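Note that chain A is present in both complexes that follow, paired respectively with chain B and with chain C.
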Partner chain A sequence: MMKLIGSILFITACSWVGFDVSKQLNKRAHELRSFIYSLQLIEAEMAYSRHTLKDIFLNVKRKTEGEVASFYGRLAERLKKPVTHFETLWHDELTLLKKRSTLKDNDIHILSQFGKNIGNHTIEEQKKQIKLTVFYLQKQLDEAIDQKNKYDRTVKSLGFLFGLLIVLILI
Partner chain B sequence: MEEILRLFPTPIKEKLTKQMENRWQDLLEIRLRMFKPIELNFTHQVEWLTESIDDADRNYILNQLSEHSLYRYEEELREGYITIEGGHRVGLAGKVTLADNRVKSLKFITSFNIRIAHEKIGVAQGIVRYLNENTDYLHTLIVGAPQSGKTTVLRDIARLMGNGIENVPAKKVAIIDERSEIAASKNGIPQFDVGMRTDVMDACPKSSGMMMMLRSMSPEVILVDEIGKEIDVQALLDVFHAGVTIVCTAHGSSIEEVKKRRSLKHLFHEDIFKRYVFLSFQQAKGFQYEIYDEHGNRLMKMLEKER
Partner chain C sequence: MLIDTAILFQIAGIGIVTALIHTILKQMGKEDVAQFISLVGFAIVLIIVINHLSQLFQQIKSVFMLQG
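Here is the complex of A and B:
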């Protein structure tokens, strides 16, 4: 009896790990999509409402969710005080974002490049840079979706099957 | 004065605070030039800070001016000034880049002139009294050299006209605030007191602003600052023919000189103005004004010790 309960628990745990990995895959695609959306919001706010970066970030925070929203929220919060280099601020927050989100090094690198140019150019230049960043992020997103499609079901069943395998060996 | 202090890097900010003590009310300008001592212009004297600004400081100041959002100021950089919170205007000089023979932008900014905006409530009390006939205001031109207090006076005139004075009830006042100096609006909301019945069209080119106000806001008085271009004059004539009272300012060292200006010729051709206010400022005498009627008769002369 104990063996049966133990086996069921073990298999459940392994399947759960499989599901979790699949969730991570999904989440990265979701976060990349959120970032692309946020950049488009930034472009619109820069071109039409001409708000300051601080106000733009606050608006973006309201319109996005999860880690993306808190990333912009923290930026806006820190911009309330005098900031010497915006680039450093952006970089710091990206480091934190990397820890908290499912984004990969490449994704963060693209965003970090973008941070070097934000705020110190004309609208036209800003638009170009946003377009370029969106283009690169889109590529990352395609890759993320690709990976998701490829591995999503595999990792899910792999978790379950791995659990089953161990149980069978041990029994 | 936090909105001005925040522009400077900490060492300069500390020196400046120490030097200023409580004399912010007397400060007219802070002038910064690369690698030169910082100049402080007061009502009655000029002072210098030994501190100077270098490349890093310049970038810091620019970042604080634009709040890290330079894309907002394309137009302003072309015109050579940025207005910050509190209505303070920061004039800029540096190297200009051209496109098709027109100024495209200002790069390598090397000089800053921070003009401190002062809200002097009541400064135009003595003036407004002479600008009406029965219960209507008369078309008025305010003339003065730079730094003679034109904008400060215009702001207080708006407040008095919009709130009403003893014998004239409050009027519907429209301000076209192209440089955001008169009302110092933040997100469209005036930060200075410009009167109860006053509407402000912020950051709008004067000529289009006047037409927009005329069409949509049914003003009784329209106030504009610093007319000079022919296109402004054309719009002013339209306002005049629509029967709305005009109060405007123009740069000039005397009323005669302004009358001679070619771009303003049409205005005087039609004898629009019924009142002329001449403002002057000298460091020794302080702030003075004189009011004339359309025939050039002086209605009053006033000397105020305190600007």
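Here is the complex of A and C:
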């Protein structure tokens, strides 16, 4: 009886790991998509309403959700105090974001590249920079979706099967 | 006798599950890992079988009194 309970617990745990990995694959695509959306929002806000960066980030925070929203929220929070160097601020928040979200090094690198140019140019230049970043992120998103389609179901069944295999070996 | 059937089912189960994992990994495009998993499954089954074979030899020895 104890053996049965142990095996069921083990298989459940292994399947859970599989489901968690597939959830992370889904989450990365979702986060990339909301970053693209947020950059388009920033472009629109810069071009038409001409607010300060703090107000823009607050607006973006309200319109997005999850880790992306809290990223912009923290940025806006830190911009309330006087800031001498925006790039380091952006960089700090990106390192925090990397720990908390499922984004990969490449995605973070693209975003940090974007942070170097924010607020240093005219509106037209800024629009071009945003377009470029969105283009790069779109590429990453395509890759993420591709990976999701490829691995999503297999990872789930692999978790379950590994659990079953180890239970069979140990029984 | 009951233990003998259990071992049969165990080995059959390991074989089936390893074959499934092999197929899935091959589908994912990780053929090297798939080969490795098959090898590991084979090694595990071999260890189980060798254990029982040695038990069988001991038993034969004791039946024909070939001790020493």
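Definition applied: the second predicted complex is superposed on the first by the 171 of 171 C-alpha atoms of A that agree within 3 Å, B and C clash if a C-alpha of one lies under 4 Å from a C-alpha of the other, contacts with A are read in each partner's own complex, and residues count from 1 in each chain.
As a convention for this text, contacts are C-beta pairs under 8 Å (C-beta built on N, C-alpha and C of every residue); 3 or more make two chains touch, one makes a residue touch a chain.
The model shown is predicted, which means the values in this text are computed figures rather than measured ones.
When the two structures are aligned on the shared chain, A:69 is found in touch with neither chain B nor chain C.
In the overlay built on the shared chain, the residue A:123 is in contact with chain B alone; chain C does not reach it. With both structures placed on the common chain, the touch criterion links A:54 to chain B but leaves chain C unconnected. In the superposition on chain A, A:17 makes contact with neither chain B nor chain C.
Of the two partner chains placed by the overlay, neither chain B nor chain C lies in contact with A:145. Of the two partner chains, neither chain B nor chain C is touched by A:132. With both structures placed on the common chain, the touch criterion links A:161 to chain C but leaves chain B unconnected. With both complexes superposed, B is the one of chain B and chain C in contact with more chain A residues. In the superposition on chain A, none of the residues of chain A is touched both by chain B in one structure and by chain C in the other. Residue ranges of chain A in contact with chain B, taken from their complex: 46, 50-54, 56, 79, 82-84, 86, 119-123, 125-126. Of all residues in chain B, only 6, 9, 60, 63-64, 66-72, 74, 105 touch chain A in the complex they form.
Within the complex formed with chain C, the residues of chain A that make contact are 150-151, 154, 157-158, 161-162, 164-165, 168-169, 171.
By the touch criterion given at the top, residues 10, 13-14, 17-18, 20-21, 24-25, 27-29, 41, 44 of chain C touch chain A in their complex.
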